[in-house]
Amino acid sequence: MDIEALQVFLAREFQQVAGDVRIDGLDIDRLTMRLLASDRHLRPGGTVGGPAIFMLADVAAYCVILSRIGPRALTVTTNAGIDFLRKPAANRDLLCEATILKLGRSLVVVDTRILSEGSGLLVARANLTYSIPPASSAVS
Amino acid sequence: MDIEALQVFLAREFQQVAGDVRIDGLDIDRLTMRLLASDRHLRPGGTVGGPAIFMLADVAAYCVILSRIGPRALTVTTNAGIDFLRKPAANRDLLCEATILKLGRSLVVVDTRILSEGSGLLVARANLTYSIPPASSAVS
Amino acid sequence: MDIEALQVFLAREFQQVAGDVRIDGLDIDRLTMRLLASDRHLRPGGTVGGPAIFMLADVAAYCVILSRIGPRALTVTTNAGIDFLRKPAANRDLLCEATILKLGRSLVVVDTRILSEGSGLLVARANLTYSIPPASSAVS
Amino acid sequence: MDIEALQVFLAREFQQVAGDVRIDGLDIDRLTMRLLASDRHLRPGGTVGGPAIFMLADVAAYCVILSRIGPRALTVTTNAGIDFLRKPAANRDLLCEATILKLGRSLVVVDTRILSEGSGLLVARANLTYSIPPASSAVS
């Protein structure tokens, strides 16, 4: 799936998050996703909170996997680990780079790095594992 | 802080999530929080998605810590790990039991277990670490 | 597999660790393993180090899985997360309680708790995921 | 601390592991460590087992931190997460590249990547967090 196909898929299957994120780039095994920061992602102190950062990492990882295996919506996260490293910059979008570390027959492991736009410092890193259903379950 | 004080604190400091959760119980070192499942938490297949489960674990862990140390809003998550074990039941609230494993001077580690209401099977478990600011930073 | 069968299996397949550990108890879904603390597990300060604690959690989790699925040696750890909570007591064995949280067709998730013998305080907790091979691969 | 100082420190403070590892390279924020694979690291199937890989990641991360903060032996691991991605190659040393993601006042987060020598494929990745003691506790 290319960027356009992924955005259409998100808009149809994940209406809850599709308006919050945008795919900025896609290479083989690597995808960059932007979190369009808005009030509902903020926590005390005015910066994007942990659950919104987790959501960004999870959706970015999900999309980079679908870019390789096609629209299998029932691909599910089985495990995730996240380090929150620095407070995000205020009033900036977050950028997440998701890279596939291993694409197995039933498990996929993805590494993600999250930064505030315009900053070289990591805000967070996360590792995520997904279980992928058999190919026959693809959504048409 | 007791249940009422925690709910007031959430409503003021975390307006984004306060309407989604409710504290059902609080003991020393243990708190039970309910996710009032609604459409915006769902993923393809009609069950509560990973980011909403993560949010529930994070807010429950945050509240059980504040119940012990008082209203220090700048307590932040530094690390989290989560296993997604089973699909939640459809149309059911989720319940999260958060237990403090270690309350140190600057770090607190919390274990959480998430179930669908009325089911004995775990939907997820998560471990979360928080960094707590010095006592002088308490919000009045 | 019962305790005796597991100990025989460890002695044959894991000679490197079999002398370091002993199974103290086994219930359905739960196993208690002891680390016979010795000099080679120690770190500066004279207490058991992180890698030895990790090894204990990993072997205990592996054994509680084999107690359910039989002697499939090629069961492998795919993911682990560990929180080191408190320094172990000096000159004490460590006890690890390993509990199966989910026994799936291809993935098993285990929760472990590690304490110093004679102490009620947790030294560490760890979550571990294993991939299990098809039943036909059992070692006779 | 430079490579030689780190090796001397390991030989004195961590006799249990000093003979198993060797520092192959050190840059600012990045260190490469080699596991000299031997029989006692192997598991059924003849490849290096999970606990030995964890030990390698832990010692490499510890050393890259000491290279920055000096010989504070009581620096301790507080949290670690590891994904085991592929079986190591048989009869090959493992190489671990450890990179500091954040060097805070009291917490340090390190990312590690483990490969079999001569292979471009990841065997494992791990994230580790350390708590560092005040500077006054340095070992002379």
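General remarks:
Which chain is which? They are A, B, C and D, in the order written, and residues in each are numbered from 1.
The rule we apply is simple: contacts are C-beta pairs under 8 Å (C-beta built on N, C-alpha and C of every residue); 3 or more make two chains touch, one makes a residue touch a chain.
The structure displayed is predicted, hence computed values, not measured ones.
Of the two chain pairs shown, A-B and A-C, the one joined by more C-beta contacts is A-B. Superposition of chain C on chain D using C-alpha atoms only gives a rotation of 180 degrees, nearest 5. Centroids built from CA atoms put chain B at 22 Å from chain A.
Here the CA centre of chain A is 33 Å from the CA centre of chain C. Multi-chain contact residues of chain C (touching two or more other chains): 78-79, 81, 83, 129. Every residue of chain A that touches chain D in the complex is listed here, in rising order: 81, 83, 85-86, 101-102, 109, 111, 122, 125, 127, 129. Taken in their complex, chain C has these residues touching chain A: 78-79, 81, 106-107, 129, 131. Against chain C, in their complex, chain D makes its touches with residues 13-14, 16-17, 39-45, 49-51, 54-55, 58-59, 73-74, 76-84, 87.
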